[in-house]
């Protein structure tokens, strides 16, 4: 009963096999191998246009380098106040950009509030050497509250960003889960909806370590090879990241894995619904279930060996004798695990 | 006949198996798993003292974060002018430290010239807000010229560094090859000889991607978790790096792999010796052979499918009709490959 | 009728004379002259203890270097959401610290709300490589809303900071006006109340360009000479800044100048009170008057040549037909100017 | 007998008077005053084209921000190994650029050696994410050895820089002295000879504190207001720097001051020539005399109260019983001072 994080999961057999096969081969280093090229080509195929792709080590690195790629002196990034760049990267964005500022904005259920966004942007318009200038808008899909922006919601944020000549960044640490939920094409949910740059995460969804920055207009990517290398993020044996992405994007594996994780989350949600006082804080639309549990129930579950985190962000109100907990499912979560947890809480 | 770089090699079966085994398991993220602890414990065992170990993605990251860990405002790092931090990291050390300066010093066969080192240090002594201050001395073991510092040579550099209150850093991208050559203990070649901080590379010697910063005095490591995370270098599924190191350091696998690579280099050296005008630029002591080849021979070899790099650094003089080339062997180089290359050059 | 900013004022005759006198002399550069020493000694005398003082070019530099002096990897600075470091320095603090984050907190009338401060600090406690760590608390005295913290209020903030092992910084761009208002000793309002590091501004209060970082515990200042020089903030002819401070702190000139400015603000406040619908947004306690004016009145005043700024921060509510404006007085403001403005608004 | 540095001199009466006159006036802050505009217009007039000008606090800031204005990820700056950016700015260029590297090159008498420059540039061509890329060439006019590049020499360096798509920077901390020596127009010595960006120093030549970055193509200056402000280098009472430049550039005052300083240096040179074993290390062409003195003579001079620095850079060879010393003259040096020094050494 491991629901602590999809980061605690292992890796999918197809991913491991691809790496193992490549391990027996020789190939050019630093991204120069045929497999690297093939993996990049898969990204272009998946997104239905030629994209520039840069493999990096972690999601934090992807976010920080994405922001570096659109960096401006005195730049401010508009994002949700609970987003990972603010809450979980130890100032990495600020560091890797040499001082850009993250302006955390409110918004229900982990999504940017449009009025708050427009108000914040207006406060820094026009650019000034005193207050600086807006340099990017960032949203997280699926969000930190487990919710998913609709295409229309993404478009709306993108239009606001573009109206102020800012790129739209999507932190896609769980991009596959969001796609699986929306059941739309990767192109539709990204560049066709206004996304300019994407942190494409695969680690949480069955890879060993495979993260990438995807720049939809390759003309904007000229500086990225230098930015990535300078940050110590260019793998010498890049082939082994390529091998993961190659297998991950082949024949829709990534979406299959995400669909499974989402289904497990939904099974958990359904099982808990109304059960013994539990109720959802936000709608479960991907692979995360945020649910208020009675304290005694939470303790009982933990005592039985279940791993999960209490959640203190997002502003959901819970009863005095309850806590908000986050359950995260993964590609490897089994129905039995889910059912055992449900059973225990009944 | 792949002699371009040990970065072009695949990964050793034991490493791949360890990763595959771990992929089937669940474990805490961000370094919190039992396997992470076990891998760290192996480092302490190998170095015969409790050390602080930080896994990172690349050798450049290891170097940059090692320098960040000993950073000083206005700091200058004394290193060899051909070292990787200068030649191959796109300014990563300067970036990750927020502006430390690499002062490249001359030295025969890739090793720091002691007089040049002392002269350079004296030039910045005492510290001043105008010229800055020495903050570290760095040497590369095995060096970029394929040579290996003796214990006595390391000690000498360490004493100079310490006399000026600077730590000694060792860039050990090929530390296993150096150890295999010297046939001394890891402790003897590092902290017992004066090394304070080590970039421990395993990727080139049979891993997929496994690099670490080793700080011999754990009391000096307090800031490193923050430095590493901020730089986007903390793997979420850190277990898969731990799995590599765990297998790598178990039962001396790492030294076995290095010994094989070194033996292949020596076989190549011996086979080329005197052959058709070829001669060594520097003594082959690890897994690199730097040899002057007649241009026509080099072209013939390349035409036959051999991969290797011309070398323009290090100051070795070659005849007008010759070029200096670098052959790098790896854990996976076979005697047949070596013999084929030798044969072709005869 | 210049009420735009105390930055628009000229310089006091005593300051100009001191600079002119020094201009005829020769002296050591970079802070090494006798006059530099004398000016530093005046700081120690004024603050009743030996302090470390570093002259810099601007208030933004003082703030940025003050934060650099207490910098931590992954560090977060708790400050008021309307403070100058957030609103008016183009990301200078983030840049000069290499990525520290400013966390803007709410608070009425420009002062930190204690509950919000404690809540924010708790959110980052204990330090973590994921969310980072609190590194400083900063307050502005006199605040951006023209208000002044009482000694007790400063003490309260200081105690919270120290309880979490953070230093307390005071942005004293208008420190003299606050002192003149409170009528306490400089020591009482700073280190005796818990302030560890002070951005000491003199430019707004009658100098040409004289700003300083004051570190109350000189033992913490060891890195500052390097930080300042590296940032291009060490004046070669430092004597001319020293000359300003020497005259400024001599015989209480600084407090006389501030008292005059404050008296002019109070005269303006009193004259406007109730006049034609005008009312104070916050209590006038220094040299700034924040007042709601009917739009037509504001326009009439501007048409008559008065300079002042509309104010959109701080959350004061004004009537639909009114705007909030800021009037700033200076050492050079005359009663006639003030009276002319009052007359016009009647 | 003050020959330590032109930084030890006071300020010219005309400069002081201009500041004093402006001190009695009111004017817009942050560069928005009429006087700021007027001073900028003087720069354009002096350089015979519209230029972008940015006042800053120090020469180090001018150099660091000039390099920031042309910054590139992984960028390398080619400059003389004894230049001020390397020897005297505590890593400020590296810091303000976020990690650009200064590559110090040899060259006789303080001037870049053309072959060394071309060789170094070739070593980083074409750009690579591994070794980085050349981003600027910088020369110092007058150089740190007191010598002056001819127009032809500047042109030659400029052509090399431009051939590799790099801008040419001139560190003009003593630009007036060089102009006075060459007796050419400011335009001829700068943009007409290929200079793209200039650190324009006036402090050493009679100002209190007046330094500027001059960008000859204003279209390249768009980011500079942000870069300057972010670095804490935008003076609030910018008018007082403007007042200095306005007086300095009016009616050729700056060149008169420099001509005087140069004449004093030449008088000193002539007086010392052959005197008692003294001889010039490099030709005296501006306001610095580098001369080898017998140790006993140097000590005698110092004992008599003369201030000057021993010089250890530049590679000049002196006899065993001699030292190399630098005498710097200033706008305020008197013939009597010079003659007294000469007399003492006879």
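Letters are used for the chains, namely A, B, C and D, taken in the order the chains are written, and counting of residues starts over at 1 for each.
One rule holds for everything that comes next: a contact is a pair of C-beta atoms (placed from the backbone, for glycine too) under 8 Å apart; a residue touches a chain by one contact, two chains touch by 3 or more.
None of these values were measured; they are calculated from a predicted model.
Colleague: Determine, using the mean of C-alpha atoms as each chain's centre, which chain is farthest from chain C.
Modeller: Chain centre farthest from chain C's centre: B.
Colleague: How big is the gap, in whole Å, between where the Cα atoms of chain A centre and where those of chain C centre?
Modeller: Those two chain centres are 41 Å apart.
Colleague: Taking each chain's centre as its mean C-alpha position, how far apart are chain A and chain B in Å?
Modeller: 34
Colleague: Using the average of all C-alpha atoms in each chain as its centre, how far is it in Å between chain B and chain C?
Modeller: That pair's centroid distance is 51 Å.
Colleague: What parts of chain D, by residue number, touch at least two of the other chains?
Modeller: In chain D, residues 30, 73-74, 89-91, 95, 98-99, 129-130, 132, 226, 229-230, 234 touch at least two other chains, as defined above.
Colleague: With chains as vertices and touches as edges, which is it: line, ring, star, complete or other?
Modeller: Basically all the chains touch each other, so complete.
Colleague: Okay, in this complex, where on chain A does chain D touch?
Modeller: The touching residues are 30, 72-74, 98-99, 129-130, 132-133, 223, 225-230, 234.
Colleague: Under the definition above, what is the set of chain D residues touching chain C in their complex?
Modeller: 2, 4-5, 7-13, 15-16, 19-20, 22-30, 56-65, 89-92, 95-96, 203-204, 208-209, 226, 229-237, 240-241, 332
Colleague: Enumerate the contact residues on chain B facing chain D in the complex.
Modeller: 73-76, 87-91, 94-95, 97-102, 129-132
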